[in-house]
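Per-chain numbering from 1; labels A, B and C assigned in written order.
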Amino acid sequence: MAIIEVTDLHKKFKDLHVLKGITTNIEQGEVVVIIGPSGSGKSTFLRCLNFLELPTSGEIRFEGNLITHHNLQVVRREMGMVFQRFNLFPHMRVIDNITLAPRLVRKLDPDEAKGQAYALLERVGLSDKANAFPDQLSGGQQQRVAIARALAMRPKVMLFDEPTSALDPEMIGEVLDVMKSLAADGMTMVVVTHEMGFAREVSDRVIFLDDGMLVEENKPDQIFGDPQHPRTKSFLSKIL
Amino acid sequence: MDFQWNLVWDSVPTLLDGAILTLKLTTIAVSIGVVLGTVFGIMRLSRTPLRYLAVGYIDFIRGTPLLVQIFIIYYGMPPFIGTAIPPYIAALIALSINSGAYVAEIVRAGIQSIEKGQTEAALSLGLSSSATMIHIILPQAFKRIIPPLGNEFIALLKDSSLVSAIALEELVRKAQIVAGRTFRPFEVWFVVAIMYLIMTVAVSRIVSILERRLRVGE
Amino acid sequence: MKKLALVGLMLVVFLGTVSPVLAQKPVLKVAADCAFVPFEFVDENNKIVGFDVDLAMAIGEAIGYEVQFLNLAWEGLIPSLLNKNIDMIASGMSITEERAKQVNFSDPYFTSVLTIVVHKNNNDIKTLDDLAGKKVGVQINTTGDFAASEIDGAKVSRYNTVPETLQNIVLGIIDAAVIDMPVADAFFAANPNAPLKHVGKVSEDDYFGLAIRKEDTELLAKVNAALKQLKEDGTYDKIYNKWFSGM
């Protein structure tokens, strides 16, 4: 059983038909990268997985269970999300950003939550920033904190929505490095990105989305080396 | 032009009594108003029928003159509750309810000014809607609404003069008494204007200091 | 010939418009705060009426002036007089030493006295001293207001009108009201079913005067002469009976 099963997913915004029937699975431990032109629905697809966007029709199952309004909050605990614009909580210090959800949602003891937070900060290379406020950090640092914050809930899946698109070029590397180490540790990841190098190096599967449809999906070598579909070829020729 | 400031100088203690009542009424009313306003501001944004209750309250209060509201409470409530209300209580009720509606709009705008990403991040971590509101949205919104809340306080400070209509001896009423006794209306009202000015400027300064303090915390 | 006729016509028209002005009486602007029944108040037809109004009109008639009666806020009466916006105040104004420093008063034209109005079942309050510790209503800036304010321990509530003040006794918000006895009597005459009564005279006599600028000595003399005449020829009594009959 795949950890996430998506069946015939449609999403309409008023009259705009953004996702036109996507069916795919995410296996445990897989790193799946989603690529495609702007407006293809990549972010929308990702945000449907944790119901930040409500699907218009179709089914999404997590660990075999259909995701609905009733189990939504529970499912979200198991899916961490990292956003393009970080979305750290500016009124709280880094350490509190990370411990908030574990304390409130998983009812962790404050000291336990703190201990876990320090360990995560160590892991993303920011132990010395525990007491800083988000606006005192660079973009790359903020994104790494955001990753630590999501990991603090010990999710089974991590969703990344263009995690480096808002970063200055010199900071992209530090964030990708963290993501690579996560992948190496066996985390299930779904990543929407333009970083083709990362996709090639780290992903197990690449999905090409265009105009709301899943046009092609395959191993990275196949997609990048020998794309089948004309639209895939056309897209790749423009960006590589 | 024959101004007799000395006559008015003797009445300053009386006027000060009025000013103190004005400040008291305004402070209590705005405090209650902030509580009411937060509740109704959040209600206003809910997607349940509660929204209509909030809209009704906010539109009614903002759409009718404060003087009318004061009279409705003072003259309209006694038949319902069977006993007369002291003017002080009636004034507090009317001013609080009035303030609450304006604060509700301030709170609503404050909440809506917090970018969607904050809510999305909180929800994606598994926080409930109410936890999101309490821990993430409201704390940030409140920092933003300090200036408009300060303005609401200043507005109510001046509008509270309307309670003189139910014979409550706040600053304006005291001025009417003093002017009527001394027959020096210009001097009296000028001094009263200065007193209001001192109060409103003091509030503005406090708001600025508060704003600056809160910013340092970020 | 035609030109002469035209000039003649213009002259006639000119004289026709000017002559009323030439023949016009001088104007006496009189003012009062018209919220003091029955001395001056605004009736249901929006007209200013009352004892002081009729008296001022009669005086104007007697001294050959046309009276314009204006409604001004109490605290603005003396300043308006001093600024020459008005010429005389007829507003139930008591003659006091303080006020006499700023203006001249005519001879007294009315004698008033204070009384205390209470609920008709109230037999505890009979004098001003009985008001200590009680809730007392007054009409703002009247002699009743001043008297009540002097009483140690009385909790004074100042209302804008007498009916409002007395209504609050009925409602139980206040225990008593200190007002001019003629005004109380006028209220009872108009509201015979009100469960109120007054306790009679509780103060020294108080005299109302018409206020005039100190430099208008000629006017003062004329007004005093007119007052004397009105009292002698019965006009004063007629006006008095019109407003205070049955008391």
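Quick notes
The criterion applied here is as follows: a contact is a pair of C-beta atoms (placed from the backbone, for glycine too) under 8 Å apart; a residue touches a chain by one contact, two chains touch by 3 or more.
On a predicted model such as this, the values are computed, not experimentally measured, just so you know.
Looking at subunit A and subunit B, not one chain touches each of them. Ranked by how close its C-alpha mean sits to the mean of all protein C-alpha atoms, the top chain is B. Distance from the centre of subunit A peaks at C, each centre being the average of the chain's Cα atoms.
The mean-CA centres of subunit A and subunit B are about 46 angstrom from one another, to the nearest whole unit.
The distance from the centre of subunit B to the centre of subunit C, each centre being the mean of the chain's C-alpha atoms, comes to 40 Å. With centres set at the average Cα position, the gap from subunit A to subunit C is 85 Å.
The set of subunit A residues that touch two or more partner chains is empty.
Listing the residues of subunit B that touch subunit C in their complex gives 2, 78, 84, 86-87, 167, 169, 173, 176-177, 179-186, 188. Those residues of subunit C whose C-beta lies close enough to touch subunit B in the complex are 73-79, 82, 99, 102, 140-141, 145-146, 157-160, 171-173. Residues 50, 52, 73-74, 76-77, 79-81, 83, 85, 87-91, 100-101, 104-105, 133, 135, 146, 149-150, 153, 159 of subunit A are the ones touching subunit B in the complex.
Contact residues of subunit B toward subunit A in the complex are 117-118, 120-128, 131, 135-136, 139-140, 143, 217-218.
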